[in-house]
Structures are given as C-alpha cells and as structure tokens.
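We call the chains A, B, C and D, going by the order they appear; numbering starts again at 1 in every chain.
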Amino acid sequence: MEGLLWEIIKLVIAGLILMIISVLHVAYLTYAERKIVARMQQRLGPNRVGPRGLLQPIADMLKLLTKELIVPYNVDKPIFYLAPFISLVCGATSLALIPLWKTFVLSNINVGILFVLALSSLSAYGIVLSGWSSNSRYAFLGGIRSGAQVISYEIAMGISLLTVVLMAGSMNLQDIVMAQVHSVFKIYLIPQIIAFFVFMVSAVAECNRTPFDLPEAENELVAGYFVEYSGMRFALFYLAEYFGMIVMSALAVTCFLGGWAGPFEVPFIPCFWFLIKIYALLFFYIWIRATLPRYRYDQLMDLGWKILIPLSLANLFVTALIKLII
Amino acid sequence: MGLAIEINKKQIDEDSWSEHFFINMGPQHPSTHGVLRIFLELDGETIINCDPIIGYLHRGVEKLAENLNYNQGIVLSDRLDYISSAANNVAFALAVERLMGLKVPRRARLLRTIVSEMARICNHLLWLATHALDIGAMTVFLYCFRDREWLLNIFERICGARLTHSYVRVGGVRLDFTSEIVDELYKFTEEFPSRILDYETLIDVNRIWLKRTKGIAVVPLEEAINLGLTGPCLRGSGIAYDVRKYRPYDAYDEVEFVVPTGKTGDTYDRYRVRMEELRQSNSIIRQCLDKLPETEGEPVIAEGAPELCMPEKMKEPVPKPHPKLGAIFKGEPKKWVPVGESFASIESPKGELSVYLVSDGSSKPWRWRIRTPSFVHVSAIPHMSKGHMIADLVAIIGTLDIVLGDSDR
Amino acid sequence: MNLSVEELQKKFSSVIKEVKRTDYLTLICEREGFVEFMEYLKDNKGFKYLIDLCGVDYLNYPYKDWDERFEVVYHLYNFEAKELIRVKVRVPEDDCWHYSVTPLWKTANWFERECYDMFGIEFKGHPDLRRMLMPYDWKGYPLRKDYPLELDEESEWEVYKELKKRTKGK
Amino acid sequence: MSFWRKVLLLEIVDGLKLTFKKMVSAKPVTIEYYDKVRPKPYSGFRGRHALVRDDKTGDTICIGCLRCVKVCPAKCIHIETEVDKAAKRKKVVKYEIDALRCIFCGYCEEVCPVNAIVLTEWYEYVGLTRDDLYFDKEKLLQNWDEFIAQQDRPYFNPFWKPRGIPIERLPKRKREFKGV
C-alpha cells in the first residue's frame, strides 16, 4: 500500500515536471519560430517585450487568456466547446510515452507506437468536429480537408514506423531505443533513410504545417477550421499544433535517431542528446515553413497515396526480406 | 445577413441540399486583393460557377473627373491603380496632350519612361509578393517588399510621395531629377537583377510551385483575345502585343527591349512573362538613364502646356467687329483645349490602360472614360476558374494581378 | 491602312452613316444591322480585339449637330495591321437601347453591364444585364449629365437612409 | 541529371540553402521606427501643411489671391480676405485647411505666387479628434514654427520653384526666390 502511494506520487510529480517543461517548450517554440522565420526573411521578429522579445510568448498567453470568448450564434455548442480540448489532449498525451532518458519514461507500455499513432489520429477529431460545429462554410471545408489529409497520411506514417518495429522487434519505445544503440549503425536513420523521409513528410502533414497546412490555409479558407474560435479556445488549437510538432519530432528522434543515446555522455545534463536532436528537427520544421509554398488539396492526396504509401510499402517489403535472410 | 438569406433561399429554391455548396469569398478575404466578392458554387472543392461582384470600392472617378479640370484629373488617376500610379498619370496626360497637340520635350519623355518603368517594377514586385503568398510562399513576399521599399524611397526623392505620386502633369512632368536620384537609380539597376535571382531560387523551379501553376487557368490565344485580356495575361498566351511596341508613346521608340511571351497561357507562363518583364524594365531604366545627360538643361514641360490653375470662368479678350470703332475686345470664355475627342492607351503594368476623352473646350473634360485592365481581368475570372478548385481560384486572382481600386473606379 | 472605307461603305451603306477622320478613323453607324457590321469587322477585317466600349452622354453639349442624346463608342484593334478604329452608335433618349455585342466578344459583357449601370442604355441580347458598380436597388444612372454630383437627402440610397436612421436612434 | 534532381529534391534544397544563408548572413532590413530610428524624409516630401511666417511682420505672407483654393482638387482650403484700408492691401483673415480632406498633391504650393503655403517634410502628426486636423491660420503658422526650428536656414522646398520648369512660366516672386 505504501509502495503504491509512493508510486502514484512519483508519477504525478514526474507528470507535472514533464507538463511544465513541455508547455514551456511550446511557448518558446512559438517564439523561436517567429524569430527564425523573421531572420530568414530579413526581419527582426518580436523584440519589444522583454530583452530581445524573450517575454513575448508570455505576453501572448496573457492576451489570449484575457480575450473574450466569442461563441457564434448558430454553433453546436457542446461540440464547439469540446473540440479544442480533444485536439490538445490527444496531441499532448503522447509525450508520456516518449523515453526521455534511460530511466525517465512516464508510462513504459509495450504497445507504445500503436498508442502514439492512435492518439495522433484521434486529434484529427478535434479539428473535424470544430470544423463541423462552427457552422461556418470555411471552417467546414477546413474540417473536411483535415479529415482527408490525416486519414491518408496516417497510413504512410504507420507503415514507415512498422519497418522500425520490424528492425527492433518490439513496439515498446524504450526497447526500440535500446535496439538502436545495439545495432550496427547506432541509429536507424542510415538503414531506414526512406522510412525516415516518409515519416518526416507525413509528420509535417499530420501537424498541418506548411507545405501541407491546407486545413487552415489562411489564403484560401481564411483560417480554416478555427476561424470562429477566439481567446483561450483558439490558443488551445494553437497549443495542440505545437504539441503535435514536439510529439512528432520526439517520435522521430526515438524511432530513427537513437533517442537519448549519443556519441558520448554529457555529465549533469540528462537527455542532452535527446533535446539536441529534437531541436534540430523542430528547426527543420520551421525552416521548410519559411521556404516552401503550399500544396493543393488534391495534389496533397496524390502525394500521399501515389508516392508515399507505395514507397513505404516497398521499403517495408525490402526490410522484411532482408530481415528474413539475415 | 442579407447575403445569408440569399444563399439559403437559393438552396431552398433549388431543393438540393445535398448537391452544391455555396460560399461567399470576400469582400473581406485575405487573398481577394481588396474588396472583391466572389459568389461561388462548389461541388466539393471544385468550382461549378462563380460570379465576381465588384463595386465595393466605387468612387465615381469618371463622374468626379467631369467636375474637375484637366490638371486636377491627374490626381484622380493616381488613385485608380494605386500600386503603379505613375503609369496612370501618364495615360491621362497623354490623352490630354494628344487633344491639345502638345509636343512634350525629350527630357520629360525620358523621365516619364523611367518613372513608368519604375512603377512597373513596383507593381510586378507587389504582384509576385502577393501571388507567392497566396500560394503559400511566405518568404518571397518579404523579399519582394524589401526591394519595393527601395524603389518607393526613390519615388519619394523624385516627387515627395511614395504611393500617389501625381508626378506627371499635362505637357511634361512636375520636377526634374537631381543627380542623386540618377545615382541611386543606377545603383538600383545594377543590384536588382541579382535580387530577381533570389525569388527565382525560391519558387521558379520548386516542384510545389510548378504543380500549383502549371496547367492552371489555361487561356488559349483566341479566347484570351476574345476575353479582352491585356498585358502579361495576354502575352502569356503567346502574342507579343504590347502597346509600347505597337503604338509607342513617350520614349519607348528610343529604347530597345524584348516583349516576352509565353506559350500555353497557363499561370506559370504568365509568371514567367512578368519575371522577364522585370528584367526588361530594369534595362529600359538603364537605357533611359544613359540618355538623360544628352538632354541636360532642357525644360521638363512643353511649351503651351496649361497652367496648373485652370479657372473655369476665365475670359479671353476676342476681337469683335464693331460698326463704329472698328473692333472691340469682348470677353469670351477661354478655350483651354480644342473641342473634340482623343484616345490614348499605354501599357500599364497590369495591362492596357486606355483613356478616351471628349472635350467641349472648357477646362473640364466632357467625358473621361478609363478602360482599366483590372476591370477586364476581373470579368475573366468566371471563364478561367470553371472546373478548378478553391485553391486555384486564389492562384487565378493572383495571376490576373487585379487591384480593386482599378476595376471599380 | 488596310481597311478600305469605301468598300465598307459600299457593303454596309445602310449601316455606316458618317465617316470621320480625327485622331483615329471614326465610323458613325446606325443601330439596325450594327451587329452584322461588327461581326464582319471582327471576322473578315481582323479587328479581333475590342479595347473599349463606353457610353457618352451628350446632353446640352454645345457643339452637337445631331439629335440623339447618347453615344456608345467602340474601340477596335487589329493586331496584324496595327490599326485602331472607333465605331460609334447614337442612341436617342426616349428609345434607349442598343444591340449587344457580347456574343462576339466575351469582354463586352461587363462593359455593357457597366454602360447600362451608368447610362441606362439597355443592351438587347445581353445574357445577364444587371447593375454592377452601383448597388442593385440604386435609382438613377450616375454618369448621365443631369444626375447631380451630390444627391440631396431625399433621393439618397434607401439602404443608407435606413442605416442613418438606425445609428441615429442609438 | 534532372532525374536525380527530382529524386533528391535538389531544387528544394537550393531554396533551403538560400533561406539558411539569409538567416546566417543577411542583415535585417527592418527599420526600428520611433525609438531607434527616425527616418528623415527626403527634401520635397509632402507632409503636414504650414503657412510660412514672415520674419518681419510675424504674420503670413499670403496675399489672398485664392489660386490655391482654385487648384485644390479636394477643395479643402478655405480663405477669407478683407481689404485693409489703412495699408491699402488685401488681408487674409481666415486661412483654413482640412487636413482630413487633403490628398497631399502639392498643387497649392506649386501655384502660390509668393510661396506662402508649404507641405513640410514633417510626417509625424496625429489628431485625436477631427478638429485637431482642421488647421486654421494660427495652427498653420505654428506648424511652420515647429518645422522650421529643426531645419537649416535658408529652407527651400523643391515645389516652390520646381526644377526644370522654364523660368518664364513662373511668377516674378518665384523666379528670384532663394529660400526662407
């Protein structure tokens, strides 16, 4: 009984720490994005609030918290209220499964990858429902686009992760990291470069980021599914998107880049390599946002069904074949 | 509110709730480039029908111009296509000059050419910026604005305003250039071609850009002529019709330049035509600058050009035969311009901008008709967008390069 | 000049009323048979491009030597010969209509709509003749010379009047 | 070649390279207006209106010829004059400019025969009410004082005597004008 209580307290504390750290990360990810994109476009970016604009995310948060929550007249109220939460919760829960360190993983379950995939597809419900319940034509189109997009990219992503599972022989994320450490190349990126490519592209599509940001394409659908949201509920969607980015890059790091393992151990800073890798991937997300134009809805589907899925299937087949021979 | 009722009524009337989807794009929408409203009938995301509705920016310029005199009219022409107001000024001034038979000094003609080409670069940069942003390339937008800012600064030096220049006046221009402006322009023309490369690296061969622009809104040549498309939109379909070559005005007969054309008439071709025009404009400015020293010291306004102040009731003494005194001088209303009509068109950055003037001899035009390229281009949207998707509609609006101030007048 | 005016006059003697040479060749035509004449110009004479179509109101024009109040002015262009001509049709006030050339040029569609909107000249055969720049329920035709520059309060636009009433109440 | 370009996404890599290069090396072009940079407009910028104050009399040098009223396309200038019987000349009693109507074309300063009105290079002006931007004569003279305090004397506005306009087209006072 003592032991169980202690376990629960430990879990809650660890969860809290993880939550605070990840929320801070999300906050400063928005800052980093604005700053980096600004520099790439020869602008300055936020520089008014605090030194070099470092307090900008906090100011934004305060502003969004204090803003009026506008509920349009004809919306489907329960669903309208619920949708941002679905989006955020499903986006953020996956973090609990990511092994940040040898000993630090909130819930080390054996179906880790499946669970992460399930949650990330569930978070599309938030978008679809918000699009539907807003009772706005633009939001509706955004919701439909999102549904189609998530469905088609989920498959490619799942298949590319399947190759990793095949190589590691486990669905437990911790085990996958260990298997990578013991493998020949130390990371799965080198043998599974195609799977990594497919995974990254579909991860960008999953997070609705440029060049696949069709559901919220601001130049066509104004803001897509969250066009009717304001204040904190809008902020929740925003948070969900950035949580999604973090989760997807964490998953990529765990499955392809060797997780927390690095060439040497850095003393006093646990999960140093994990963070470095995750930052690099997040930078990549921001980088392509600053560079690429946006796909069209049907071209996006083409890319998903005609290129990524066959590519990942072929990759899976070859991997399985090699695995069989060796 | 009225609109929602309209839409709902249409749906109820047709009794086809499951069939088509009606959406109202604009008048407030990020990528309709102003207050254009497009009423769309969609099947999924495919456009079945579309009806552009304009008039939200109608200011009655033609009516106003009938109540202002010729020099004041130039100020109105600034506000038509506010992206390239220098070109509009030229069109209006040309029409009045042709009516009056003024001979504009060579220096003024060179200056006008420089200014209208600068306006063309400004306009194409803004077009590229917004077109790229509509398709999602955010960085090109800011690079274009960076360079446009430089040109606007030069404009500020030339005439003291950045957007509504009113630099041209009937019979010439208002101010001469200074040597600093010429130096700055030289610097710009040297630097600018390398800036174009920046934009082209980002989008020119990018596969997403190609997918979004190739084969979108294809207008065959015959149809383009029938639709009345002008400027780069017409040249993208494969005809080298350019007013600067076909009916030269100002100093365009002195400079050498190529009129770029496309082949298929899709969005990508129009994009290429405009990018090429940026380079050509750059070289035209360069050539004109080289010619400027030859005309050093010439006046910039024609002899006999009307004063800025054209009072309506001014009377001129006219000799009248008198039985006893031989002749007496009687005040007659002054004839500011000859009675008649004139037509002048220029190649404005967006297309052919033509002005049709009817005068009754007073200081005010009897009728000032402006045929603006944007107006014609907006009318072409329904023909070009049928069967495409919403995302393409945004690209089509971008590629037509419309400004609603220009089309609504 | 590849266009022989004499030939045209012979062929369309009933249509062409007057030929003037001002800055460009100007043909003043009759309403009847006008569309056939334009079609001939477009298909046989190469004037494929309709640059402009506009109306002009000549109410109380001091130098007028004709009766009709309105004029519809067409500017046509021939790419091959680099030739521009102006074609005019005079429309009387009490019989204020004209034939539409929209079947020939799609671009004429909006020009004619605008002309209708501004001068009240109706175009027969136009597929979709409704107001364009002014609101649907606007009264009067603004570019007519007898339309005042500033409206008095009574004749203002109904919607605007309503709006003013509503905002004043608050 | 083009096949490999296509497979390896080289054209996208080129774009990525460009943006990365800009991030590392290019300087931001943002002007940090107000606290760090206050850009000085070029000579001839058409900004806030002012009436030139005559240093001797302390009043405007406007002679009330109404040419600016006639040339103004926006009809935003209102002048009232009366004849000063003692000095036997016209006196300007009222000179008002509605800056909210003004379109800053600069025609008024160009036609003024004595260079009394000027669109100064002062661009930082706001009004909290409509009345703040309705400049009467006092306000216009005050605008001039504020403006000229920051300028080198003699001040000369290019629109007073436009470059390249033949001298015989200008009125007499403008021909000899050197600046104030």
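Note that in this section a contact is a pair of C-beta atoms (placed from the backbone, for glycine too) under 8 Å apart; a residue touches a chain by one contact, two chains touch by 3 or more.
Since the structure is predicted, the reported quantities are computational estimates derived from the model, not experimental observations.
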Weigh A-D against B-C on C-beta contact pairs and write down the one with more.
B-C
Return the distance between the CA-based centres of chain A and chain D, expressed in whole Å.
53
Where the centres are mean C-alpha positions, what is the separation of chain A from chain C, in Å?
60
Chain C to chain D, mean C-alpha position gap in Å, rounds to 41
Could you work out how far the Cα centre of chain B sits from that of chain C, in whole Å?
23
Each of the following residues of chain D touches two or more other chains, namely 12, 15, 18-19, 29
Indicate the residues of chain B shared as contacts by at least two other chains.
139, 146, 202-203, 206
With chains as vertices and touches as edges, which is it: line, ring, star, complete or other?
other
Full enumeration of touching chain pairs:
A-B, A-D, B-C, B-D
Under the definition above, what is the set of chain A residues touching chain D in their complex?
36, 38-44, 47, 287-288, 290-292
Given the complex, residues on chain D that touch chain B span 6, 9, 11-12, 14-15, 18-19, 29, 41-42, 44-46, 67, 70-71, 73, 103-107, 110-111, 119, 158-159, 162-166, 169
Parts of chain C lying in touch with chain B, wherever the complex brings them together
22-24, 48-52, 54, 56-57, 61-63, 73, 75, 79, 82, 84, 86, 105-107, 109-110, 114, 118, 132-135, 142-143, 147, 149
The chain B residues in contact with chain C across the complex are 54-55, 58, 60, 62-64, 67, 98, 223, 225-228, 239, 241, 246-247, 339-343, 345, 352, 354, 356, 358, 360-361, 366-367, 369, 371, 375-376, 378-380, 383, 408-409
For chain D, which residues are in contact with chain A within the complex?
12, 15-16, 18-20, 22-23, 26-30, 32
